[in-house]
C-alpha cells in the first residue's frame, strides 16, 4: 500500500439533487475518500446516508438532476471537472462496479456472453474469438460453467447473476472494484459464496475494493479500512479494529450495538431510535444530534469536524478523543 | 452523431428525391391542355352518384340510365326542348286511332361488334321483355303496357300494336333500350331466370353514339366515340363520368381544370363558382321535387287524424315553402304545390295548391277539428298528442335542412315531429313494412325527378304502384281512372285537362305534399361548347347534351 | 470450490425450445378459437339485422315468386343451421359468396378495395412510424427539455385531432395544389407510365399524410413512454458504467428493449389500419376497404359485409399472432416461460 | 392521485388541488375538461343566437357580431358550436361511464370468479377486441335509428373491452393479497370481499380509465356523426364537421365552419388524455428515472454556506 499514489481519491465531495418543488437535497456533504492499490475500503451506514450516491458519484453516473462539487482523481487524473468524457476514459478499465443483487443489472435480451465480450471490444482488450475465450476464462474464474455465456439473464439465479456481474466487472482488469451491496436480495448461503468469490479474486488479482454495505461484520472481516457515513458525511474512519473496538463516534457505537442485537447483517438497521435528518433543509450543528445520547448544548450550533484521534483514525464528534461516557 | 454517416446521407438523398418527384408532380397541371380541340374527351363530374350495375333490368339510378342512353339504341328520344324525336327510328307514325305504331329504322346500322343492327333487334328485345313483363323484365314491362304484339316488316320496319290507344306510347318507348341479341340472348330466354345474375361488364357491345370502354363502381365510367353509330357523329372523341365523394372535391377539380363539367353543383357553392372566370354556371329550373309523404294506407292506424284531408290541408298551409327555397336552395329553387313541377311547362298548373303560406289558417283548421293544444303546446288528436315520426332518407344533400324547417313550421301550429334518419335501403324497407299495401309509418320526406311526360309522376300514386313507387301507399279508384284516362287521351288539350284533374285530385287527398323543386345547377368550363343545360340532373332522356358538345 | 455447485443452469436448451413451442401452440389455439368465434358471430350478426337479398334487390315490380326465387338463389330459404354449414363450406373453399349489390364475387370486390387501401395506409404508417420514432426517441432522450415538451405536445395534439378533420385541414391547406379526392385522374388513360405514377402519387399524398399524421401522435407517445421506461432500467446504468457512450447505450441496450412493446403496438395497429381508414377514405373518396364497408352497410350488402368483417377480424388476429411471433423472436424471456 | 379515503370533503378537495398543482399536465387536462363541461351545462344560456335563426348570408365571414362566422344556412357558428358542446360532451361522458361500468363489471366478475366464467367472458372480450370497431358501430347505427341514447350505447358496446381486461388483471392480483385471503378464510361473503377489499383498490384505475375513455368516445361520436349516423335533430361537433364537409365549406373558403368544431374535439381529447394519464400514473406510480440522458449532472463551486 503506497499512501503517496492513491488509485482513487475524492476530496470534499458535495452532491445536491434538485427536487421537483424547486428545493434541493444535499446528499453528500464534503466527503473525502482515498483508496490505495490493493486496499479494501468498506463504507457503512444506514439507508439514505449517501453511500450509494457516493459510489455513483465516483463512477460519474449521477442523474442530470444532480450537481456536484469537489474533486475526484482516478490514478491521479482529475475527472469530476472533466465531466462525462473524463469519466468514460476510466470506466471499467480502471474502475469497475458490481451493482446491488436486487437490480436488473444485466440486459434481458442480450446473451450473457455478448454482454461480456462487448465490453472487451469496447475497451480494445480483445475481439472476436479472443474475446470469447476471455469471456470463458472470466466465467470460469467466478466459478460458473462456460455454457452460461449462451444464456439470458432470466435463466440465471440471483447468485449466478452476481457472479456474472463480477466476471463482467473484472473483464478489463480494473485496478479498483466498486461493489454496491453486492449481496442484498441473496439468501445467506449464496451471499456468503458470492462474497467469498469477491474476496478471493480481489486478493488473487491484486484489486483495490470499495465495498458499500450495511453488513458491519462483513466489512470488519474483509476490509482494511472502514468509513462510517451518516447524513451525507463521513463520521468516522479507521481500521476495523479502530472503528469496532475503539469507536469514537456515538453513531458508530450504536451501529455496532444494533448489529450485535440483530445477529444478521442483512436486515436493515432499525434499532437506533429516531431517524436521520432531512437533507432537503440545511443542517445546523451536528446532524446526529437528535438521536445522540451524548448531546450537549454546543452540539446544536457547531458542526463537528473530523478529529484525528490516532494515526488513520478520525471521528466527527466534538468529544472524539475525550473520554465522555454515554448517558 | 454530428457527422452524417454514408448510410444516413443515402437515406437523405432518397427522401429528397421522393420529395422532388412529388413536388414536381404536384406542379404538373398541363394535361388539361392536351385535351382541348376537336376530337377530345369531355370530363364530367358528379357527386354522390354511382353506377352499381350495368344490367338495365336491375338499374335504378340515373347514371346507370345515362350509360344506357349513350350505348344502346332507342327508337325515339327527346330533343332539348322536351319534344319526342326519332333516334334509331328515322320516322314513325300511328294508325288505327293510335293503336298501331310503325317505325322505320336506320338502314345498314351495325353494333360496335359489326353485327347488323336492325328492326329485328328491337322486336326481339321488346318481345323478350313482354315474355316476362311481370317477372324478371318488370323493370321495362310497364313501359310496354297494353302492347299486343311487336313485329317487323323487313329489316328496317317495326310495328308495335297496342290493345288500345296509348297516349304515352312514344314517351314510354323512349325509355326502353334495344339490346344486342348476341349478348343478351342467353339471359332473356325462357323465364329469364339468369337475368338478375348478369353483370354486363364493360366494355359493352354498343349501338349508341359512344362505347363504354371501362367502368369502376363509385369511381368512373369512360366512353369512346362509336365509329359505327347510325346517327350524326359526335364531335367528341370520348367522354367520361367521374364520381366524387364530396362536392368540395368536385368543385376543386373543376376549378383546377381536372374536369370540364360539374353536374348538380350544390347551391352553397354557386357564389364561389360565379367568381371563377373560367367557368359558366348553367342554372335550370329543375325537376327534382322534394315532397312530404303521408302514409295514406289503412295500415296507418295509430294516427287516424293524419288521414284527414283537412289535417293535411293544415300542414300544407303551415309550411313556408319560400323559406325552404331560400334556405335549402339559396333562392335558386322554386316552391312547389303540385307533383308536376313548373319546369314541365306544358303540363304544370301553378294554380293547383297555391293557397300560400297561412299558419294562422292552419291553426284555425286544427282548432275547428277540436285538436286543442296540450300543456306542452302540442295538440291532442284522438286522445294522442299530434306527435309524429318522420322518416328521412340519408344521402341527399339539403334534406336535413328541409326536415328542420318542416319541424319548426309544424311546431308553430302545435304539431310535433320526430325525425328518424335512415339510409336509402332502410327507408325503402320502412315504406313497405309490415306490408306494401298497408305500411305503418307516419310521415316521410323524399324527392322525385319528373320526366318530360307527366305520366310517370302521375303513375306514382296509382294503386298498382303500391309496394313499388307508391310511397304513400295511396289507392283511390277515382284517381286511378283519371290516370288511365290521361294515358289514353290522344288529344293533347283533352289530355292536359285530365292531367289537371288528376293533379287536383291529388291535391285534395294529399298523399304527397309537394314542397319545392331543386334547381339544376351545372358548372361548365368555358372551353366547352354546345353543352346545353337541362331540367334533369343528368339528362337520361336524350343524347344531345354530350353528342352536341365540343371542346375548344 | 463450493461455488461451482450453485452454478447449475436453471433451464436447459431443450426446455427453452419446449417453451417456444408451448407458447406458440397456446397462442395459435387462442387465435383459432377467436377466429371460430368471429366467423360464427359475424354470420349471426348479419342474420340478425333486418332485410335480406330479396328485400334489397331493387327490381321494380318484382313478384312474390321472384323474391322467393332470389331468396333461394342466395340460400336464404334454408334453416339457419344449414345456412351456417353451407357458409362454413364456402369459407373452406375461400369463397365469400356473391355481393348483393353488384353480383360479383365478394372476394373480387374485397381484393380490389384492399389493393386500394394498402398503399395509402402503408405509406401513412411508414411516415407515422418514422416521425413517431424520431419524436419519441428525441423526446425521451431530451427528457424534461423544451424539445421534449415540444415533441410531446405536437404528438398529443395530432393524437387528439379527429382524422376526418385533419384530412379536411390538409385539403384546406393544399387547396388548388393537390387533388382532394379519388385515387387517380380517371381521364388520364393515354398517359405514359411515369405520368400515371406521378398522378397516383399526387392523389396518394394527402390521404396517406392524413393517415400518417393521425397515427403519428400515438406512436410518438408510446415510443417515448417505452423508451423512458427502458432508460430507467438498471442494465442501462450498467452499460454506462461499462464506459459506453450515451448513444451506444441507447442503440445497443435501450432500443432493443424499448422496441418490444413498440413491436406489439405496430403489429396490432396494422390489423386495425384498414378499418381505421374508413373516415379518411370517406373524406378523400378513396375506394378502399373502409369505404367498401360503409357502402356495403348503406346497400345492406350482407355477403360483402360478412366477407369484409371476416377479413378485418382475421387480419387483426393474424397481426396479433405476428406480434406474438416477433415477440418470441425478440424477447428470450418468452421462449422459456 | 390521493388515495380514496373517508376524510371529509374539504380535505379530499384540498389534496386533489395540491395534486393538480404538482402535475401541470393534469392541471391543463382538468381545466380543459372543466371548461367544456361548464360550457356544456350552461352553454345554452350563453348562445348569442338561436341555432335555427338565420342571421346573415350563407357562409358569412367572421365579424365582430359573429366571431366564428355563419354556417351554410346563415346560422351563427359560435352558437352552433356552443350548442354542439352539450351533445358531444354528453355522449363522451355517458359512453365512457357506461363502458367503464360494463367493463368493470365484466373484469371484476372474470377476475374474481375465475374458471369457465373467466374463460367465456375473456373469449367474448377477445372477439370484441378483434372485431373492426368502427365498421361494427356503423352497422349497428345504421340498423338502429339514430338518437343520442343509441349513440351512447353503440360507443359503449365497443369501448368496454380494454377496461374489462385491465380490471381483470388487477383483480387477479388483488385476489391473492393477504387481506383478501384472510377475509375469505374468516368466511366473508363474496359481495363483501368484492366491495370492501377489491373495489376500493381499483377505483383509481376505474377513474383513470373513465377519463381516458372520454377521449375515445368523443372521437367515435365525431366519426359516426361524420358518417351521417348522428341524431339529425341535434347539433354536435361531429355533425358540424359533417355538415361543413357536405355543404362545400372548403371550396367556399369557409374555414370558420370547419376549424372550430375539430379544435374543440381535439381540446377535449387532449384534456381527457392528459388528465387520465396523470391519474393513471398517480394510481400506479413509476419512478420515472432515466439512467441515460442528453444532459448530465452539473459541476458547481462549493458554496460557502454549505461548508460546515
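A few points about this structure:
Going in written order, the chains are labelled A, B, C and D, and every chain counts its residues from 1.
Rule of thumb we're sticking to: a contact is a pair of C-beta atoms (placed from the backbone, for glycine too) under 8 Å apart; a residue touches a chain by one contact, two chains touch by 3 or more.
Small disclaimer: the values here were computed from a predicted structure and weren't measured.
Across the two candidate interfaces, C-D and A-D, the one carrying more C-beta contacts is C-D.
Chain C has its Cα centroid nearest to the centroid of all protein Cα atoms in the structure.
Centre-to-centre separation between chain C and chain D, using Cα means, comes to 23 Å. Centroid to centroid, with C-alpha atoms defining each point, chain A and chain B lie 89 Å apart. Here the spacing of chain A and chain D, counted between their Cα centres, is 49 Å. Separating the centre of chain B from that of chain C, both taken as means of CA atoms, is a distance of 40 Å.
Counting partners per residue, chain D has 142-143, 245, 250, 289-291, 293, 295 as the residues that reach two or more other chains.
For chain B, the set of residues that touch two or more other chains comprises 246, 248, 252, 255, 394-395, 423, 426.
Looking at chain C, residues 50, 144, 171, 175, 180, 233-234, 237, 240, 246, 282-283, 297-298 sit in touch with two or more other chains. On the side of chain A, the complex with chain D involves touching residues 12, 14, 20-21, 26, 29-30, 61-70, 80-81, 83-84, 282-283, 303. Chain D meets chain A in the complex at residues 22, 289-291, 293, 295-302, 305-308.
Within the complex formed with chain C, the residues of chain B that make contact are 1, 21-22, 24-26, 28, 31, 35, 41, 43, 52-53, 55, 57-58, 60, 134-136, 138-139, 141-142, 193, 196-199, 216-220, 222, 240, 242-246, 248-250, 252-253, 255-256, 258-259, 394-395, 423-426, 428-429, 468-469.
Remark: chain C residues 50-51, 55-63, 65-66, 69-70, 73, 98, 101-104, 171, 175-183, 185-189, 191, 195, 198-199, 201-202, 205, 247, 282-285, 287, 291, 295, 297-300 touch chain B in the complex.
Against chain D, the residues of chain B that register as touching in their complex are 246-248, 251-252, 255, 266, 268-269, 271-272, 327, 330, 392, 394-395, 397, 400-401, 403-404, 407-408, 418-423, 426.
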